[in-house]
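Below you'll find the structures, each written out as structure tokens.
In the two complexes that follow, chain A is the common piece, with chain B as its partner first and chain C second.
Then we have the complex of A and B:
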């Protein structure tokens, strides 16, 4: 049974040698700090304070203060993601051919780098009742400081997710759009296809996988909104998103079991949307995306 | 690249369409600068209520903020966390990327999946179970806990940025060094390190910028003495009304300057698109 080849050589032939072992520290770290906590949380969520197996989940889905957070979060995250993607696509197509593309991308990377907390602090001032934005609208006769409310409600959270989310969506879209070989488009143009036709028949099929992934990544970001929902929204009411519910359970009621259950529900709802988007993409998938130049 | 455009068949409607797109982008950028400008203006304002501009300008809020928010301590913590995260994710991530790029081993795709998941999942989702585990092991609320939590997205990020970088180095260079008698140590110091340096630098600068701005994970795992600047800023904004708003804005400006310095340095080495692309290879 045993071959004459030493174990070390046999392992090396399968790709296992000293170099492969270099992956172990990273793997241990992520198993310990990512996979283990996740499964620990999953198990913990089935060990609620009342001792029943499904107590937390029953509590979540019977308490409107808890289960309505799913609807509240979706009502913010889905429109924001769609708005960002619909706006990012045409802008990416224009910026793609721009000479000073780097200037635009640098400006747009600012809000992502500064992060939601800083953007929230700036928005409280800028979009506030005495802020420059509302003042400008008032000056233009489009309303009055008392009628325009853009912070501490749904729109505050919505706008903050546009400010940080649009650049994110845009930069991802841009990297996919610039990955499409320009020769394909030029060929279509030579054959007389107009811009709309080129977009529909060349770009859309090639970009569909990328756009689906962009949608998913943008959506999960928006769905897990936390700081701006607290700082710019109405965290007790209209913008009580699911991450606020999870945070309160963990750090205000110290019910880690319930918090884990909410985190699991949060992950599950994200997964449902992501899987739905990726599945629907395969419905209109027409050939290998490898036609796009990587 | 930009010169070869499709034949220009531009009628009125397409011109309107193009103008509309630029207007949209311009409107966004104007508001973005408005938001940043409002913070900076407010941080220097003596008194700013019900007017376009403040009554006067002063720098005293920076001193106030420095004392009130113990910014000296907060900045020290921030540098400790960021420094540790950058060094550790480099030390763990780069060798792992080398192994992932050079070897095919059973279960490699599963390992890859484990590296990809933390980059795809939003921090709040995995941060709550992670914080629970850290608090139960006693690391929650400590500097160690904050550093460990921040490593979860940064190590995979370094790995995914570095894999294509290692792959483009011809393995024959390494074989040649071996033929000439270089051991693993010398191979690393004289061949691999110089070739990998630009990639490592880019990856670690991105880790640095991302860690300074990483709110969720630090927020969930930090205690009162292990807050980084962005978390301290959150608590200040959250408790607005307790302190003068200018003082909070002064702190926000300090945070902004800190982030911007490193962003500008990072942008000398990387493309802005890389900051969002979760370790996707650069498109040259």
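Then we have the complex of A and C:
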């Protein structure tokens, strides 16, 4: 031993102690179930059937049937995320002031426990041509079963993503909204700021970083839509999302290499959006959203 | 209709606030003249913050009315009252610089840019924060944040400045410093300041008048000197530092007997109550030839004098001052000058 300090103490000083060992199970899982498959897929995507390095990527970006899935997926995921965020914000503001916050939150969050397939099955009945929703609208003279088409098209997928995505977006938004000290709002009010001005000058700047994170997480969820795009959409056309393309490559054409390439492209496009949104965070204040002390 | 900037007096008429069945504040009636500094003093839960929030408009009243001269203000929205408020945790906007925080109220009033800049500069000078103007609140110390909070409240030139325990988050030294600062700023503005605190020292040193609240009701209104020397009720006396409370039998003409010993004091309205309560500050209770017999239980040196506690044969604990160190267990007799002993009816709490 070089110094008189025991090895254990020297390791502890560097942040290595018994507790560090508890990280190992998570690390094993991370490496075994995420890192290894990811890099395996990455390598696989560069080993296409035609033997060239970039064959899969060339194929994807030269076939409109494949590359247009990016646009299709974005056309669903972006509006859904924005709608969820815009809808969650006022609800979160209202719920924050409720006495029975827990009860309301539980009810709002319930759809998250159902799973996309169950929601999709329910929607097929409820929003279908013979479902309650359409029949009620027909009864009210607001349309007919043939004019109101809410399943097996874009809107079916859109609605299902709103239903299953909203609770998640709402929960995140609520936690950020609750994190803003109410005294700040009171202070702004005593200084003459009305509700709209308080939202614009106090809440929005303080919430922006949190909303950016919420946007990213909600977007990633919506972008990887698969079951509802198949069950509620038109998977051959308007809702042929990128995950369907990957699925077809893997399990209909048995071209795992191409499927891996599509998965990588999917990851890359998500990453572009997420990075862009997170970068915009730096335009805002990022610190505790409470009075600096107390 | 905004509250008038120039006014003669603030008037609270029977202001009350209940939360369900709980009456947090009842029948608060008070007149405050322009230029006055009024402290609302009381233990936590006495309704003082409720009163302040009602005046500010952050809490709706459930009864009574509030007036600035002839303008009723309790029906105005908080944004329209134009009162400056200093919050306990300062509530500075963390994403705005000191300058932007202070100018917030003026920006909301859509004042010309040059006027805002001039008045912000003035407010910054008033609270002596010239070198910190472009920092964010998170970069400031507690005392500096406090100054920003005050500057932000006074920058809008409010008729009324409301302060909710503004010094409670500061350390003892800074608290003394800021006390003088607050008094100085108040005198410079000539507005009404209403100051909520649970610290009687703060109230005594700052206020022109003190309103003692307890259980949502006014217990006494008076100048600091009045309250310090002659609390009207036994509970106010306890709050004003009369820690020694002895229950005895009235023995006629300002006298109360405790077994063998009899104390002479100031009759604060014993009337024909069967028992009387003598309230004495620890400072005033000293060793004497004759007085209440007690056994010393603890003694500590506090600079000039010793302070100790002793127990009577009835088990009442007394706090006293002594010039000399005493042994634990020593038998002493304790008494105070008659003018320093206040006698209240004994059934009062």
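What we mean here is this: the second predicted complex is superposed on the first by the 272 of 294 C-alpha atoms of A that agree within 3 Å, B and C clash if a C-alpha of one lies under 4 Å from a C-alpha of the other, contacts with A are read in each partner's own complex, and residues count from 1 in each chain.
Methods note: a residue touches a chain if its C-beta (ideal position, glycine included) is under 8 Å from a C-beta of that chain, and two chains touch if they have at least 3 such contacts.
The structure presented is a predicted model; accordingly, all values stated were derived computationally and were not measured.
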* Report for A:245: first if it touches chain B alone, second if chain C alone, otherwise both or neither. => neither
* Asked: Looking at the overlay, does A:112 come into contact with chain B only (first), chain C only (second), both, or neither?
  -> first
* Tell me which partner A:22 touches in the superposition: chain B (first), chain C (second), both or neither. => first
* Touching partner for A:197 - first (chain B), second (chain C), both, neither -> second
* Give one of first, second, both or neither to describe whether A:178 is in contact with chain B, with chain C, with both, or with none. => first
* In the overlay, answer first, second, both or neither for which of chain B and chain C A:189 touches. => both
* Asked: When the two structures are laid over each other on chain A, which of chain B and chain C touches more residues of chain A?
  -> B
* Considering only touches as defined above, state whether A:121 meets chain B (first), chain C (second), both or neither. => first
* Asked: Where does A:157 make contact in the superposed view: on chain B (first), on chain C (second), on both, or on neither?
  -> neither
* **Touched partner set for A:258, first chain B, second chain C, both or neither** => neither
* Asked: On chain A, what residues does chain B touch that chain C touches as well?
  -> 186, 189-190, 194, 294
* Asked: Which bits of chain C are touching chain A when the two form their complex?
  -> 56-58, 78-85, 87-95, 104-105, 108-109, 136-138, 140, 142, 145, 152-153, 156, 169
* For the complex, which residues does chain A have touching chain B? -> 14-23, 25-27, 29-31, 33-38, 40-42, 44, 87, 90-91, 94-95, 97-99, 102, 104-126, 130-133, 135, 163, 166-168, 171-172, 174-175, 178-179, 182, 185-186, 189-190, 194-195, 198, 217, 220-221, 223-224, 226-227, 230-231, 243, 246-247, 250-251, 256, 259-260, 262-263, 266-267, 270, 294
* Asked: Tell me, which parts of chain B touch chain A in their complex?
  -> 2, 4-7, 9, 14, 17-18, 21-22, 24-25, 28-29, 31-32, 34-39, 42, 49-52, 92-93, 95-96, 98-100, 102-106, 108, 111, 114-115, 117-118, 120-126, 128-133, 135, 148-149, 151-152, 155-156, 159, 184, 209, 213, 215-216, 219-220, 230, 233-234, 237-238, 240, 245, 248-249, 252, 255-256, 259-260, 263, 267, 271-273, 275-278, 280, 283
* Structure fact -> Counting only contacts in the complex, chain A reaches chain C at residues 181, 183-184, 186-194, 197, 201-202, 205-206, 284-285, 287-294
